[in-house]
Structure formats: structure tokens, C-alpha cells
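Two complexes follow with chain A in common, the first pairing it with chain B and the second with chain C.
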Partner chain A sequence: MLRRRLYGLLLALLTVTPAYAQLSIVGEWVGRYHEDFGDRVPGDVQGDLTGVPMNEAALRYAEAYDVRRGNLLVHQCEPYSLPHIYRGPLQFRIWEEKDPDTQEIIAYKEYIGTYMQYRTIWMDGRPHPPEYAPHTFMGFSTGKWNGDVLTVRTTHLKKEFYRRSGIPSSDQTSVVEHYIRHGNLLSHVMIITDPVYLSEPFVNSQEFVLMDRGNQSWLYNCEYVMEVPMDQTKVPHFLPGTHPFIDDFSKKFGLPPAAVKGGAESTYPEYRTKLEAGTPAITLRSGPPAAPRANEVRNEIETVHVQGNVYMLVGAGANIAVQIGEEGVLVVDTGAAATREKVLAAIRKLSTKPIRWVVNTSADLDHTGGNETVSQAGETVNGNPAAIIAHEGVLARMTETSRSVTERPLNTFLEPSRDFSFNREAILLYHFDGHTNGDSIVYFRRSDVIVAGDIFLTTTFPTVDAQGGGIDGIIEGLNRILDIAVPQYLQEGGTYVIPGHGRISDEADVTEYRDMLVIIRDRILDMVKRGMTLQQVKAARPALEYEGRYGTESGAKFIEAVFKNLGEKK
Partner chain B sequence: MRSKTHAFVAAAVMCLSAIPVLWAQGPARGGRTAAPADLTGNWVAVVSEDWRHRMATPKKGDFESVPLNAEGTRVANTWDLAKDNAAGLQCKAFGVGGIVRQPSRLLITWQDDNTLKLDFDAGTQTRLLNFDRSKQPTGEKTWQGHSIAQWETPPGGGRGGTAVRAQLGNSTGPIAPGGGGRGQRGGPSLADSLNQGGSLKVVTTNFREGYLRKNGVPYSETASITEYFHRLPSEAGEDTWLLVVTIIEDPKYLTQPFYTSTQFKLERDGSKWAPSPCRTAPPPK
Partner chain C sequence: MKLKLFVSALAIALLASVQASAHHSFAAAYFEDKTTQVEGKLVQFQFRNPHSFIQLEVKDDKGQIQRWSIEWGGASQLGSQGVTSETLKYGDIVTIIGNPGRVAEDRRIRMLSLRRKSDNFGWGQRPGEVVN
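Then we have the complex of A and B:
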């Protein structure tokens, strides 16, 4: 009997050996910069584009990039994102979070000294979030041990850069990392895939050594400050062909400019032949077309809690926001007509209180198709159907297009803004002649959520309505969002923004979209001033570096609309 | 009876207590038959780091990133490519301390069960990694020196995310390299297990002095050169990568260990294999 118990004990001991199964990567690590020191530490020479398998769009982006963009207040505290942060000077601390019952590792946590960023690598097998979840600079990571190699996969990253010289990374980037330890040396490998800006995976690796006396330089607080007065609505950039420093690197080190911009081809051994013969040429590949938009009208409406009292409904065409509270329900936009009953059911799952208000951000059918159903299902305090509120321009458009009276907003405003309180929360509506002449954004002040309507999208370029819409109005609306939004930490979180279509965003995402629109507008304006025709403008592809993200077809329509818009103003 | 039981417990505890020690040190194991990772194949260096130092020839005196001491700096500043060529020293940049950083294709094959062969097409160099530790270097020092290799195997053969547990039962089956002991319960199939972690540690001695960089950044004959070769885990549809971590300690020329890690991508075949002699292009003026 005793022996049997001892066998049992032995068996138990054998089966609890996983504590020895993996190397520990816990500790405080500091970088060694024996590769690419110039780029990674001082970074003082502009135009270093070497070794990155960038595509044509990335080069265009870099050729327009003005480092002074980082002086804008909304950019000053943006940290390096995951594919970039390990390349810079840094030290980081890793610790384990364990299940107290099983002692299995739930997650690895990292604190990165540079920018004081925190990161979690989930080891418990949880899935990555859905596509409409917010993106962050560190992304969402899951890990798995393969022998003594910890492999980590990360998605949901924000747009940033691979190099300070302006080689961009997109928010479609995914990263596979490998952590490998040999004694006190930790090798960290990154294999980066980015369909928008890379033509092949970008691989790099860096070494860190264990700090026996680690406690140096852990603090890096960022407070933005305007050191030089500058208009915060103007985005520094260089018009095509005018970047004065783009060839600094090639000049300093005696390298052919074409080789410095060689992309993936230049990273393979056979490129030496071209280099030595002095005949390299830029042969960057075009990026693939933007991924097709997911069907936004779905069989099931998904409900996401954004924050505070505000939820987002996904799957009804355009995004819908729902605010709930003691007084009842307020709905911003009602989706496409085909989903109206499902939308109503989803709202009813959130709250059985009466629907009091419906707000429309524009008259677009995919935003207002459920107006009648949602309004009629609700009631105001005096027993009427829920009031539909919007800018006067929405009513005008619906009247022009013969929408039924019960779909139309009968509570309209003409002034630049409107505010009221509901569910003990201040609700502010701001009007712009942007995407249409009836656009509004909606700000839930206590919940700290902005509903942007179609002036901000994470799926396509904006559409500019020929009847009253305008690119300057869209930019004005985005700048208003940037004025309102306050990030929680390092330009992420804090105020959340629900776009007309796409994923939940924050100030940094809106900033990138605003920057893009300003840059494209400035280019087209310059072309208009130079007398170029629409065909010539289209041929010049002023939105090239963004087409892989927001779509070539969408880009062509946008360029045409902006050209006409600016041409009218000329 | 009781004493037998105590002996059993004592033995069991001793065995168990030895496990972490063995795992921590990495048992010295043989060559091909013990391989926890399949390093063989046609690999190509993807020069995504130190591009201007590796793809091109840097200017004289450009030894950025290398922790040279005063003597190393002095020697690097005396570099004279024409003089090297005239002296028949064209391969100084293709020796064991520099070859991995050359833009090159790398063919890895088993020469025999105890010798892994590394062929580089840049400079047409060959290195032999000996698993037989008793094999001593003979003759004069060479560019590639004498390398002793040793597998560092992960515990239980290095499977995936599930906790690695000791294998019980079915102890008569074949040992699957990296497969978690005997039998089928603990490990993946042989083919899979060969790609699931485990590294090769290589220590090289008896080499001639050479260059860390094409432009004469030196390493000495007394340097200590240690490398780790890793075939990195990958999923279907992804590229397969080989990582070579190199640690060079050379008090004669360096102020601290010089760390680099170099990536090679697996190619389908050797169709792009293009051997070339040791040759360094002149630096830009």
C-alpha cells in the first residue's frame, strides 16, 4: 500500500516537472547595439532606408516625411510601436503572472523603459480580439513555448514607423517574435509582416544582456510642450520630389541613392553584383490592393462596450452607438434598413428602458436606414416616438430624396453645435460641412466617447459629397475631434472614437487620418495651382502611399472629389 | 521491505533532482542522431541589418557599432585593401569571425553522422562542425578554424505550448529526437520534432586572424568565438528562418563581447548557389 502511494507520489512528481520545462526570461535586460548603431541610437542621418523590404508606397511615404511632424502636440508623446521599440536604446523588465492554483504562467509582463510602456504576452491560449477592437502601440500578444524558444504573435498594432527616417509601418502589421536565451544573453527576433508597406517580411534581431545591477533610466515621462509656435492644423510634409534631406545618407556613406532605396531586392546576396557594377535601379514592388472590406451588413449584430455608458453595435452597415442609463436609451445612427429589426433587438438586449433619442451623423442610408423602426419603438416623455435629432442639412437631404416623414429628423439644429443632457451625461453635437453638408459628430462627455460619423473611417478614404461636402470641412471636423480627445497615456486610450465604419479608435488613429487628408489635400491643391488636369492629377497618384490601406478605388474617387472641391474654390 | 521502499524513494528523489541540472546544462549529445533541430538545407542571408557594412564595403575608419578598444581602432585604421590583396590575404573578411555576416548563401549538410558541414558561396568557404569532442585541431591555423559543436536540447524535446511533462510508458519505442522521450505519447512525429526548438552551440578555435567587417575591423587569433544556431519555429505558410547568434570576445581588440545575430531564410533548392572567390570591393571614395 505504501509502495503504491510512493509510486503515486513519484508519478505526481514526474508530472509536475513543467516548472523546469522552460528557460526563465524573467529579469531586467538592457540592449547591446552592435548592429545598426547609427540608426538605432543617434539616428542623426536622414534618408537611411537600407535593409528594409519596403514597397513603393513606403518609399513615397518616406520621401514626403518631414521629421518636424513630430513637433505637433498630438505627435510628441507617441511612443515607438512594437516593431520599432526593441530597435531603439532601451532596457526592459520581464516578469511572470502565474495562476495561483496551478502555478502555470498566465502571462509574461514587460515594462519597457523607453516611453515607459507596458506590455502583456498572454500564455493562456486566449484568442486575439475581433477586428473592431482598438489598436495600441504594443498590440495584442499571445505566446507559446517551442522548446526553449518563446514565440510571440502580435496583432492590433497602431501605425508608426520602422525607421525614424520615415519608413512607415501600418496598423495592419503583425509581428512574430522569438525570445531565445543563452546564459545572460537574450536574443530577440522579429519577423514583421505588413501588407501595406512591406513587400516581404522584415526580419531583424537584437541582443540584450541581463542587468545584474539593473535600475538605470527607467523613467521617461512625456509631457507635450509647444517649444516653437506652430499651427497645429498644418501637417509638415514635403511635396513629391522636394525632400531636401532624402539623399543625406547615401551622400555621407558614398552609396548610390537607388541602392539605399532598394527594398527587398537589395537584401539578397546577388544584389552585390549590381551594387559593385554601379548599376542599381529602384525596382520596388507595388503593394497589394487593400484587403477587401469585410461585409459590414452581417447576420448577427455584435455589441461592444466602448466605455462608460456607451456601446457600439457592429454589423448593421455603419457603426451604431448606444448610450444607456436611468433615463432611457439614446442611439446614434441606426444602420442600414436591412438590419433594422436586428438593431432594435440588440438595443433591447442592452436596455429595456425607453428609447428617447435618435441622433443622425448624416443622412446616408447606411446610417439612417433604421430610423423609422428605432424611433417608432421608442417614445419621448410625452409619448411621441423617439425624437430624431440632426443638423438641418440632414432633414434637407432626406426631404430632397423623399424619405418618409417618420424617418426624418424633426428636431434639427442650424447652429454650429448643440448640447443637451441625458442620463446625467452632457451630450454635445458639433456640425461640419464635411462628408456632407449635414455632418455632426457626437461627444458623450462623461463616457468620453466621440461618435465621428463618416468624417472618420478606418476602412476607406472619406467620401466627399458633391452637394455641400468639402475636404476642408472634413479636416475641420477631425481637428475638432483632436481638440476634444485626451489620451489616457502615451497617445492611446482615454477618449475613444467610434468611426462611421471600422474599428474603435483613439486620438492617435484620428491624428494619422487627419495627417493623411491634409497631405493629400495639399498635394492636390499644389497640382491645381499648377494647372494640372484631373487626369494628370490622377496619374500622379497623390494618395499612393495610402491606397494599400484605404483602397485604390476609394482613393480615386476621393482624389476626384477633392480635385473638384478645390478647383471650385480656386 | 521498509528499507527497500526508502531506497526506492531516495533513488526517485535523486533522479528527479538531477533532471533540472541536466536540463539546465544541456546534455552533451551526439550529432545527426541526436539532432533536436534540422539545420540542413539551402539558406540565404537576408541582409536587413548593418546593410551598409555588409552589402557594401564601408569606408576606412567606419567601424560603427563595433566595441573596438584603442588597439583595435589603431589596427582598423591601418587597413589597406590593396596590400591585403597583394599579400594573398583576400579571405581575411571571410574567416570564421566574419563569414556569417557576409551576404551569402549557406548550404548545411551532414558530412557524416558526427560532422555538420557549412558551405558558404561567398568566398567559397567551408566550415566543419565536429560533434566528436575528442577530435583535436591539427596543422596550421585556418580561416575557418576548428569547430566543436554540441546540441543544446530543450527539456522533453521542446514541444509546443503545453507544459512539458515527463514521459511514462511505451518505453520500448524509438527515441524521437526532440520528441519527448520514447514512444508516441509525449512528442510530435519525427519530422515535426526536428523543427521544434533546440539549438546548436559551436565553439571555434585554431583560426587565423581576420576581419569582423570588410573594411579591416580586426579580430585576433586569440579571440573566443561562440555561436548558437537556431532553426526558428514557424507555421504553415510562413518562411523558415535560421538564426545564428555570434559572440566574439577578444580582449586584444574589443572592449566587451561583440554580439551579432544573423538571419538566413530557407530556400527551396540550391538554384541560386553562386560560389565566388574571396574578394572585397573597394570602398567608396
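Then we have the complex of A and C:
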């Protein structure tokens, strides 16, 4: 009888308790700042570069970094990115999103009080997005429980910082996190890998306490204001060797500069012996070469919806934008000649309406190789092949290089801008003597998408054409994009930008690229003014901290082109 | 009970101050070991996060009007000290003491204290009236 009762009790327990109950991490958590308070909360004087396994490129970046850059309108509302935010001041809330039918967890959601950021950790096994998808400050995260440890992998992050003093993180960063709960404490461990700025994984951990009593400190939005009146096209930075405050931290705490700037080596206990033996030299490792560029001419053309009526075609060499609607199809750039039939097929899959317009952002072969095929397959309202529009510099270049008449733009413009309406959308073209003397950017106003052409790339430094291109024109074009683009929230989303090559971007990505070009331009200009030769300029490596991201070879060509360009102006 | 309430209030105050620091380090942007004083007409008060800003028109030695940018705490932190978006108004003549910015031509100050001439309203003299 007793045995029967026990079985009954066991059965009842099993019906209310699953076979394996997952630990819950749901709740409101607040940071404990007993470790690294100075760094994590108030921040210290400039020059704190300790404790991060930064490489040579990161040090160069930090030595040029002027904190006043954060006062620029395009920077002031940038939040901390994922690898940084948990080391900053924050409280956050976690909740679960469950499948209503199975009650399985689809995702963990986080709301982070600092800057009011949202984050999703997908638990349903979905893959990470392709490489051409936009990056965000929180990235794209997928998670998996391993016993009682939730392990999360994040990619698609934006460039930001590991420390406010200027140690940069790159958009190639990936993060593995472990969430480990012990009663009302949550241990959060991050293993950060960044081939551009770290010489080895950056591991850190922080503790959070479950708040058993709520508070109202959850609202912390950012409003754009002119904090300090300044020219928004000038990027505050220090020329190499001129940062006046870079050693302030080392002086304040009596630390040898070599220890402060020692990178990975200085984070290990053995470094103490080295310090005791004398002042060690700074021997930061160089970063690895930039990841090889994916083959941009592919067997298959992929189609990505950007937003509104605009799509991006990937795999045809340069990126192609396609706008579709009731009136027909407009195509911006047509890719390499080798892919022209596939491009046409991809456009036809998007819309069977007539192709009315083709716009060229430059005359480059990888942007215009499909002009003839796409134009001839379309027709204007009066029965001609689809009209090709471009700045007259494109026609001049195509004529000089004997491109066939059917490839050339016949509807050219010479004024700084041109606009027209198509598919009930305003389309604005802005011309710059950018990477060539025929560059245009194209703005789809209702869809809120800008096609940048080759003045903005996420793969390499820009090329500066010897015949009419110019670094100042490229920067002017990027500044125009920044004028037009409006982020949806916290420098993210809103206006999307299709680069000439690479992934879909937004204002924050263009800002980083603009900043980089201004900084390198200013450095080379300073060297030109000081009478340095090209060999001396190259040896000084004015693009060192960006080469791991955009390529050493591409950097060398860019430096040479800018040197010649600025030298001519001198 | 009283202790519990005190601890909760302290925690909230700490959180408010913690959030106010998320933008940049004051020590990085200003000389915290120096102070300077300016008096002028308030032409803008941006009560906002991450940090509030006051724009002040100040006459220099030559009688020329120069604009100074005064950085204050975030709205979250100042709000917990009783400061609101209505506290200061266009045209207020104020004297401000604070840390000077690290680049002199920026003409910026991190606010340590403020005094309004018309009614002697002040901030920065009472305990707790700090930003970090």
C-alpha cells in the first residue's frame, strides 16, 4: 500500500517537473563594480591601455585617438558594442521568448539600460547571416545550453572600442560568452577574438547580482545636440608621436609606459619579473594580414532585400542595386561582363516589368560590364533600350577606352546633382571627383537607401584614380552620405548604404571609413609638407592601424595615390 | 526597515550615477586638477543624456563675445538631484566654475558649480550635487 502511494507521488511530481529543468537566467541584473571600478564606471585620465592583449595596430590607433571625436554628431550617440558594454556601467533585464505551441525557448531577449539597447540570443538553431548582412553594435547571437552554462556566439559586430581611452575593436570581432548562474549571482565570461586589433583572445569576466527590488533607472536614451561647436567634417586626432596625454595614466600611477602599452605580454604574471629586471621594450605583435577578399564574381548571383523598393545583387563583381515598382525597374551598376546574363536573370526574378533606367556610379569595368546586356534587355517608354545615366566623366572615360556605344551612358549630366522620380520615388544623384572624375552616389529617398559606388567599400581602401580622382573628393562624397543618412536609433539602421564592394552598411560604418580616410589624408599631407619622399611616407606606414582590416597591398596603393594627389596640390 | 530603505535609495543613487558616466571619462576630456571661472548669458540648455550641455555667451578680454560649452551630468543623474529641463532658461546670467577642457580653443568646461545672478540659485555647493 505504501509502495503504491510512493509511486503515485513520484508520478505526480514528474507531471509537474520536466525531466531536466534548465536553469533560469531570467530577471533584472545589475553589475558589481568592485573590480576595475575606475575603468568601468568613471573612466580615468587618458592613456590607460593596460590589460588588453592589443597588437601594434591597436596601439597606433590609441596613440592617435582624441577623445573629442566623441563630440561629433555622428559619434556622440554610439553605444558601447557587445564586447564593451558588459564592462561598462549597466543593468540589464533578461526574458525568454517561447514557442507558444511547444513552450521551447526560441530566444533570450536582453534590454540593456545603458543607452536602452536591445539584444536577442537565438536558441532555435538558426544560422548566422551571410557576410554581406549589416553589422550592429550588439551583433547577431546564437546560444546553446551546455549543462548549466549558456554559451553564446556573436558575429556581425560594428567597430567600437574595448576601452574608452581608444583601444579599438574591429567589425571582424567575434565573441563567445558564457552565462553561469550561482543563486542570485550571474557570472558572465567573454572570450573576444579580433584578428585586426588583438594578438590573442581577450578574456574577461564580470559578476551581476539579481535585483530583488526594481528601480526606475532604465531610461537612458541619447539625444543629438551640438555639444561643442566644431567643424563636423574635421576628425579630431593626433598625428603620430604628438598625443600630449598618452602617458598621463602611466604618470598618474607610476607605471612604466612599456607596461601600460605592453599588450598581451603584460597581462601575464611572468611580466612582473621582466619589469623588475628593468624597463622592457614594447614588443607588440603585428596583426595578421587582412583576411583574403572573397571572390566577388560568383557562380550564383544572390539577391538581398535592403529595404523599401531596393534590392542588392551580390556576386557580380561590384554590388548592384535594383529598384522595382509599378513603372518598371531601375538598375544601379551592372557588374562585371562575365556575370551579365546571370545579373539579368536575377533582375528578371525580381520583376518582369521593363527595365527603364541604368545608372552608373563610375566607369569601372566591374560596375559597368553588364551595361549593354541590361540596357538592351530593357526599354524606355518610347521604345529605346533602357537609358544609361551617369556623370559625363563616365562617358568621357568609356569613350577614351573605346567601350562600345551600347555600353556608354547617353543620358549624362555635368551638374553637381541630378534628380528624377521613378516608381513614385525621388531619386537623387550627386557627383564627386571621388575615386574617378565621374563618380556619383545615388539616393533612393523613399526607400532610404544610398548606393555609394566605390567611394565607400567595406573590403579595401578606396582606389584613387590618377586621372581626375582625388582623396578630398572621396571624403566630400562620404560627408555627403553622412549628411543624408539618418540612423534609426543609436547610430544604427535607418538609412542603409550599399557600398561599391562589401556588406550593407549604415551611417556608423560610413563614419568610421570617413574618419579613417581623413586621418590618413592628414598624416600624408603633414608628411608632404615636411618634404618627405614617397619612400619615406611608405616607410612611416600612415595607414598601419587599418591595414589589418583593409589590406596591406591595398593600403600601399592608396598611400601612393594620396601622396601623388596631395603632392600635386602642394 | 529604515536601513533597508536607505540601502535601496543608495543603490538607486549609485545606479543613476553609474549611468551618467557611460559617455566618456571626464578625466580624459578635462584637467581635473585645474579650475576656471566664466560668467555669461545662457543661450542654450540641453538637458539630456548622455551628458547635459549649457552654451554660454561670454565676453572675452577684448569685449568680444565667445561661446563656451559647459558639460554637466546626464539628465538621469541631474534629475535625481532635483534639476529639470526648466531649471535654467535662455538669458539667465550665470557664473560657472569648473574644470577646463584639455584643448583651450574648444572653450569647454566641466561644471563643478553654478550660480544664477537674478535669484542666487546655485548648484554644486550642497552635498550630493556632483556629477561623475
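The rule is short, and it goes like this: the second predicted complex is superposed on the first by the 549 of 570 C-alpha atoms of A that agree within 3 Å, B and C clash if a C-alpha of one lies under 4 Å from a C-alpha of the other, contacts with A are read in each partner's own complex, and residues count from 1 in each chain.
Basically, a contact is a pair of C-beta atoms (placed from the backbone, for glycine too) under 8 Å apart; a residue touches a chain by one contact, two chains touch by 3 or more.
Quantities reported herein were computed from a predicted structural model and do not represent experimental measurements.
Under the clash rule set out above, the superposition-derived model of chain A with chain B and chain C shows the two partners fitting side by side. By the touch criterion stated above, A:Pro201 is placed in contact with chain B alone, chain C being left untouched. By the document's definition of touching, of the two partners only chain C reaches A:Val45; chain B does not. In the superposition on chain A, A:Arg68 makes contact with chain C only, not with chain B.
When the shared chain is aligned, chain B and chain C each come close enough to touch A:Tyr33. Within the superposed three-chain model, A:Gly317 lies out of touch with both chain B and chain C [touch as defined at top]. By the touch criterion defined above, A:Pro269 reaches chain B but does not reach chain C.
Within the superposed three-chain model, A:Met230 lies in touch with chain C and out of touch with chain B [touch as defined at top]. Looking at the shared chain after the overlay, A:Asp148 reaches chain B, while chain C stays out of its contact range.
In the superposed model, more residues of chain A are touched by B than by the other of chain B and chain C.
Fitting both structures onto chain A leaves chain B and chain C with a minimum C-alpha separation of 11 Å.
In the superposition on the C-alpha atoms of chain A, the part of chain A touched by chain B in one complex and by chain C in the other spans residues 33.
Across the interface of their complex, chain C is touched by residues 30-31, 33, 41-46, 67-68, 70, 76, 80, 88-91, 113-115, 164-165, 213, 215-217, 219-223, 225, 227-230, 244-245 of chain A.
Note for the complex: chain B touches chain A at residues 5, 8-9, 12, 16, 19-20, 23, 36, 44-52, 55-56, 58-59, 62, 64-67, 103-105, 121-122, 152-161, 163-166, 168, 178, 196-199, 201, 228, 230, 232-233, 238-239, 241, 243, 245, 247, 258-263, 265, 272, 274, 281, 283-285. By the touch rule above, chain C contacts chain A in their complex via residues 8, 11-12, 15-16, 18-19, 21-29, 32, 46, 48-51, 53, 67, 69, 71, 74, 76, 102-103, 106, 108, 132. Interface of chain A with chain B (complex): residues 2-3, 6, 9-11, 13-15, 17-18, 20-22, 32-38, 50-53, 104, 123, 125, 143-149, 151, 176, 178, 180, 182, 185, 187, 189, 191, 201-207, 253-255, 259, 266-272, 275-276.
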